[in-house]
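Since the structure comes first, as structure tokens, the remarks are kept for the end.
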Amino acid sequence: MMLQWAVTAGFAMMGAAALLNFWRLLRGPDAPDRIVALDTLYVNTIALLVLIGIHFDSSVYFESALLLAVVGFVTTVSLCKYLLRGDIIE
Amino acid sequence: MSLVLILLLPIVGALLPPLAARLGRDAAPAAAAALTGGALALLLGLAPSLDEPAALSVPWVPTLGLEFALRLDGLGFLFSLLILGIGLLMILYARYYLPKSDYLGRFYGLLLLFQGAMLGVVLADNLLLLVVFWELTSLSSFLLIGYNIGSGESRRGARVALAVTGAGGLALLAGFLMLGHMAGTYRIGELLGMGETIRAHPWYMPMLLLVLTGAFTKSAQFPFHFWLPGAMAAPTPVSAYLHSATMVKAGVFLLARLFPVLSGTDAWFFIVGTVGLVTLLYAAYVALFQHDLKGLLAYSTVSHLGLITLLFGIGTPLGAVAGIFHVINHAIFKASLFMAAGIIDHETGSRDMRRINGLWNYMPHTALLAMVAAASMAGVPLLNGFLSKEMFFAETVHLEQLGVAGWILPALATLAGVFAVAYSVRFIHDVFFNGEPVDLPKMPPHEPPRWMRIPIEVLVTLCIVVGLFPGFMVKPLLDAAALGVVGALPDYDLVLWHGLSPPLAMSAIALVGGILVYAVRRYVFAVHDRFPLPEGSDVFERALSRAMAGAEILRASSDDGRLRRYIALVFVSAVVLAAAPFLLRGGGLGPLPLTDADPLVLIATFMLVGGALAAVFMHQRRLLAIIWLGVVGLVVTLTFVHFSAPDLALTQITVEVVSTVLLLLALFFLPGGQREHEPHGRRAFDAMLAALVGLGAAALALGVLTRPYKSIAGFYFANAKPVGGGDNVVNVILVDFRGFDTLGEITVLAIAATGIYAMLRGLRLDLPATDSAGRPWCGERHPLFLAVLSRPLLPLALLVSIYLLLRGHNAPGGGFIAGLVAGTALILQYLANGIEWTQARLRLRYFRVAGTGLIIAALTGLAAVAAGRPYLTSGLLHLNLPLIGELELASAMAFDLGVFFAVLGVVIIVLAHLGRLSRQQVRTPPANPEEVH
Amino acid sequence: MMLVEVLTSTFILVGGFFSLVGSIGLAKLPDFFMRLHGPTKSTTLGVGSILIASAIHFSAGDGTSLHELLVTLFLFITAPISAHLLARAALHLQVRSVAEQDTRRDCE
Amino acid sequence: MEALVALAIGVLVGCGVYLLLRRHSFSVVFGLVLLSYGTNLFLFAMGRLNTHREPLVSLPGPYTDPLPQALVLTAIVIGFAMTAFVLVLALRARGMLGSDRVDGRRGDE
Amino acid sequence: MRRWLPHPWMSVLLFSVWLLLVNDIRVVSVIKAALLGVVLPVLTKHFWPERPRLRRPSVALHYLLRLLLDIVRANLGVAVRVLGPNRRLKPAFVSVPLELNNDLAVTLLASTVSLTPGTVSAEISADRRTLLVHCLDVDDKERIIDGIKRRYEKPLKEIFP
Amino acid sequence: MNLLLILPVLLPLLTGATLLALARPALRTARVLSVASATAQLAVAVTLFTTAADGLILSYAVGDWPAPFGITLLLDRLSSLMVLLTALLALFALLHALGGVDGRGAGFHALFQFQLLGLNGAFLTGDVFNLFVFFEILLIASYTLLLHGGGASRTRAGLHYVVLNLVGSSLFLIAVGVLYGVLGTLNMADLAARLAAVPATDIMLVESAGLLLLVVFGLKSALVPLHFWLVPAYSSATAPVAALFAIMTKVGVYAIVRVYTLMFGAALVGPWLLWGALVTLAVAGIGVLASRELRTQVAWLVVFSVGTLLTGVSLFTGMGISGALYYLVHTTLVSGGLFLLADLIGAQRREGTYLTSGEYPAARQWLAVLFLVGAIAAAGLPPTSGFIGKVLVLQAGLESPEVTWLWTTILVGSFTVLLALSRAGSVIFWKSNRPPAAAAPHWLGSVPAAVLVSAGLWLALVGGPLTAYTDATAVQLLSRGTYVSAVLGHVKEAP
């Protein structure tokens, strides 16, 4: 019961966080702002996935979270590399 | 049997002259003559059995009703005789006519081809077979008219001829198809007895028009006559043979052939009669004014064809007999006239009657022959032309259909006779007399070689003999031919003297009037020159070039070469077609209630919609659009997770990352930059179309989602574990139930990689020295922290990849995802350490990896074949090992390993080669786009 | 059992809180470099806490579940890289900053 | 829930179509990516929207329909291959035609 | 030894990570973990040509614990600053002179800085002697520099001499 | 089970994969492998053809999973005809490519094999999603083959071609999705069976999907207004590729025939298809007439032929389908040959394939004869297969209420083609009067062209047996029960 309540609250906070990330994505103003917002969205998604796992008492969501952590940052890295060098693989 | 040979000798034999031509100049004509002579002999051999027409039929395309059916009746015999007889003479003549330099193989080959085709037309007993040969005559005529390569005149003439006769052929085809359908048979022999049924059929009129169009175009009837003068660009033997004696008679042959079926209606009378009459008159008139010798003969031919057509149009049996008779006579005298004209052309180098004068002094022998033939053409008594013309005049007089206006036809016929006499007189006087030649290219002209005259002599002799002894010479032939046309032979006499009768008077008027007209020719010409008639072929040429220009305009206006229009049309089509059933039948949502949305889905949808829209609004700022795509992809991933698709989520995550890297690699070379404003209207249209398509997709989705369905999925749950050996049903579907799809899918990947590699090879692009805002790039290539941390990350990520690969059969994961993860891990090395560094350590031929993966996957399936099971049948191995315990190995897992390697190889091929693109560039100022084109 | 639930719930709330704070920081702080602090710290701890919650939750049933640690491991390796590269990019682009300017450099 | 997903599909498809109609090859690629998101989601939804019914027979049922998932997985991978291909083709067009427009021209409207 | 265990600590890490991944310790898992722990570093050894030696594992462990603690502290600090009025914050760039001569150590330091109180490593100088750090709220730059050097650089120097 | 049935898929797959795994093999090796594979495929195709000619419908359950759960390959008269046609065309196109085209870019032979894989798979599969996969295979292979040899016009055409086809693929997925979402299966026979029982409340969804498929297949077969990609693409591809592409549009036609005879029936698409086909004829006629370049003209001829044969198909009668299939065989081989021929001509004159006077091609007589045969076949003049095919369609049209439009369009269209081709031929062979600088073409280039173009003649000669075969094919297609029971007859119910 308590757990369900906490999970719901967790969902609410993660949802709010996602919306805030979205807002930053819209606002910018610069590309790095948006990239950092996207990166944060990735991380929040990881948390959300774990939360969903707890919610359903299921571990099938775990790999998604793990994979986001393993490969997600490659997006951020390549976006930044683009801003820095244009040529991301050189 | 000999019937087939008559046809096949020239057709198959057409190959012989080109081959024989290598043996010497005489070889080709000799071969052609031998073949024609052989066919002629066979034909004559069949003459005694005409009462019992020889026939044969071999099925060809039964579905179509097309059969190789031949039948030799009197009409066919007569025409075959003309074709082969005159053909033989023409082969002889042409041997001397054609320039020494000519390669005769082609000419004689085509001539034989034509001859065979023409024989086919007259012998065919199947409507469709007749069309086959009919079009073949058009084609061979086209090729023969164009014989003089390089001459614009012959090229144009050939094309106009082909266009007109080809179009007629199409009409004829349509008409015949209708006729065959109406009769229920395409067999001409059967058809001939069904005249009444056919004439009463509602399709009679359109069918008649189509068939007549075919006949009229071929026989150069007004208004389709104009191709024939143009066809005079052909070598004279061709003009003589095809365009006067034989091919142009195919039209009137058709009128004769189908006379029992089609004639006897008012429509027939008025259409055929009128066309014939107009042609007769018009062409006779125009012929007078031709300065070209062959032009005169050509219009004269048209006019005579009109006469014959008119005779068939009149519709009486006697008219038909007269028509057939005139076919014979015209063929004889006109062929000889053309040959004479050819000799003149050959000897003087000109055909212009204004320059050719007084040839009587140079070639009296030829002149005499030509004069006899011309007299026959004019209808001078004692010659064959007179006889049939008399019959024609008689028919016009006895005609009853026109009632009180009955005098019109004889009057017009006489008028045509006047012109015919006039141009005949001109042919004689203007060429052989009328003073001395003017500026002839060859001077002085000589008599032609002996063998060149012989064909004319033969024909002119025929003119006289037939003229003098018609009953003896042609009556049996004519009777036999007419029998098939009119059923019961009318009572007629072929004698020279019918007594003083209106026809004789008309002949006399024509002769006297014609001479008079020629006498006052200067005035007549002056009047004519004041009112020039439009040249049909010019009109046609102009129309054709206008049509081509119009076609180009139409094509260009429908196709602006822009992708936008193409895509829009696809979507418009999709919207229209997909909406049609709903509009026609009504209907919408199904019975199932919508489930409640939880707030998370609401937020996700909000972000998805917002992200997509933001990508659209910011699409010109490409980097931002890429970021927005990342957002959308992430939310899509979440959607997959939320709706119970962990495998999809895993795939989506990695594909998302790899795609971003890909887009950024491309973005370097395509940075965009300046914002462009497209016209408001265009954007509004696009937005509307986009909205419609989106709406359609949403509606379809909702329509399905609110309906229950019964899927085949139960089978998969039941069999995944016991037979497939895996808990993860999606994976078992991918590698087992529908492993074939997956095999195809990794093939797609491999092909894409091959293609990308091929496209990138040698590609040169400008390297942007600054970013799109004009800032120079940062100097450091490989940020330290990234490089350092990429080292431990590689084995870690590979570990995760292996983990996902091994568990895929039982839990979310599998070859695809694992391959993508491993690929991403390697990409990170490229990103962090650069190509050289990475390549030096990754000693892999990527294509080998991808290809091997593909082979592994494909061969795994073959193992089952070796065991006698269908391809890709999965095997399951239960192992009970010490320490490890029970282990279950499915061969599908080997398949998955293949998938893993294929995906890994492809990802690396694509990204590494794309990354390397910047290294094959030189930093030079942008190339001038004009040079690139 | 109760303890597990309390612990799990607590960690969930803590995690949610820090994640939210990180995102608030991202949304609210006035310049890019300051905004960067939000996600790099708060989110890692946010995710970390929720992962701990998960580990506790799933270990409470049959056997231990520690694979959540892995997510943390990867995040701790990767998050600083992201932050660093982002900062570098921003420096390179000379993104507006309210920080003292004296020591700012562009990458060479 | 169904309405929301349908909305998402519609918007993705619509946005994809709009971008496909742009002139620059990069926008067209964006359009293709969005369109394939839309179609993938569409295809996915055809197995109906079930929460927490992963088709893993190790879990207790009921399960969602696994077949569309397998199809979508195939479609995602093929879509990736195609995106990569078009991108490289766009690069090639840039090199060959001297323009980053799908029609290889610039300027005239 | 070097050939088969190029990065022994990495092997240990991989071994544990595998066990964590499979989330059990059955015999078969352990065998696989050991196998992968050996094979993967060998397979990828070219990608990690440097052989950083971990000298004092105890210090490393201590460092890790401190890091975790600092992360918690940092988060609390950042939370307060973020939620409070942002105007009062005094952000600044601080250059931290470095004495580490090992790339891995420098990187770990930078990562640590990024994960801990109000600081983000923004840039490392080309000679790897100066780390530019962005601080969210600075009263005294020297204290920050000192803190970084004392709390993190010193132990790292011990671990990676 | 009959292993032969999977060989048309396996042979090119393994050949292609091997060529790939060899990582840039020597051209010689690639050639040997490729030709050997193509020859073997022809042999297999002939065997399959003789097997299917008896009227048997053979099915092959890949992975031993019974229909409708696994993927079933299916061999009936239609599919065996298509596979044979593909193998025939491919072998000659490949031989032509050995003349040097294959060396002009990377991976030609691998891609060629993959293209064959896609084609054969598409013809053999009995599963609608698997059809999608094979479509993608043949498309992506064709994308690359199209670009083979480089050049600006190829690139632009390629970009348009690729993007349009990707749009088509999306529509395909949506249609397949709807079908699955309503009917719950992917096997075509099973779909057909379930479609027959679909409740009236759901029918419009299925029909909507069916019509969406028409857009997809129409796009592949270049049905107007979805034809724009074809001419630039085909006219810019290298000759052997363009020749092979002659069968590509037929994949769309095949899919139309298969899907609508089996699943949806004539009523749904008949009228749309008929009018689309007639408009296609008109547009293509204009295109043929407007062409100022031979390869463009031949490409328009391909569109024209699509119009003709879809007209036949749209009637959905035995005669219509039979005629269309006969025409399909004819036009595939002849247009393939014409592409090769155009290449030969272009290589022999400085003016290339532009329809302007200048140099006549070397070996003028020989090429002129081939051109003549190809042209009259394309224009549908006797005594060629084009004529027979056209007349078959015309005859079939007699049963249509729109017979007037149908006949007018086809006949006027033929006339237009005749005009245009007589102009083209006379300009190249008669008007051009300068001797060419180039040497006569290599036999490896010209013999395949000759064989394919002369199909116009030898297909006419075997018109009887071939139409008997297409008649039987049409009968087989129109009795959908046979197909359904051949596939589903031995269903083991799910345990």
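Letters A, B, C, D, E and F name the chains as they come in the text, with residue numbers starting at 1 for each one.
To be clear about the criterion, a residue touches a chain if its C-beta (ideal position, glycine included) is under 8 Å from a C-beta of that chain, and two chains touch if they have at least 3 such contacts.
If you're wondering where the values come from, they're calculated on a predicted model, not measured in any experiment.
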item: Labels of chains that are neighbours to subunit B and to subunit E; value: C
item: Labels of chains that are neighbours to subunit C and to subunit F; value: B
item: Chain with minimal offset from the mean of all protein Cα atoms; value: F
item: Chain whose mean Cα position lies farthest from subunit F; value: E
item: Chain whose average C-alpha position is farthest from subunit B's own; value: E
item: Result of counting contacting C-beta pairs for A-C and D-F, higher pair; value: A-C
item: Computed distance of Cα centres, subunit B from subunit A, in Å; value: 61
item: Subunit B and subunit F, separation of their C-alpha mean positions in angstrom; value: 16
item: Subunit B-subunit D separation of Cα centroids, rounded to whole Å; value: 40
item: Interface hub residues of subunit B, defined as touching at least two other chains; value: 561, 563, 567, 571, 642, 646, 665, 667, 697, 700, 704-705, 709, 711-713, 716, 738, 741, 745, 748, 751-752, 755, 759, 778, 780, 783, 785-786, 789, 792, 796, 800, 811-812, 914, 932-933
item: Residues within subunit E bordering two or more other chains; value: 17, 21, 23, 110-111, 121, 126
item: Per-residue multi-chain contacts in subunit C, two or more chains; value: 17, 22, 24, 36, 38, 44, 65, 67, 70, 74, 77-81, 84-85, 88, 92-93, 107-108
item: Touching chain combinations (by label order); value: A-B, A-C, A-D, B-C, B-D, B-E, B-F, C-E, D-F
item: Residues of subunit E that touch subunit B when the two form their complex; value: 10, 13-14, 17-18, 21-22, 26-28, 31, 36, 40-41, 43-44, 46-48, 50, 103-104, 106-107, 110-111, 121, 124, 126, 128
item: Subunit E residues within the subunit C interface of the complex; value: 17, 20-21, 23-24, 71-72, 74-75, 78-79, 82-83, 86-87, 89, 91-95, 110-112, 114-116, 118, 120-123, 126, 132, 134-136
item: Subunit A to subunit D touching residues, read off their complex; value: 56, 58, 60
item: Subunit F to subunit D touching residues, read off their complex; value: 129, 133, 136, 140, 143, 147, 150-152, 155-156, 158-160, 162-163, 166-167, 169-170, 173-174, 176-178, 180-181, 186
item: Subunit E contact footprint on subunit B (complex, rising order); value: 780, 784-785, 787-792, 794-796, 798-800, 802-803, 807, 829, 838, 840-842, 883-885, 887
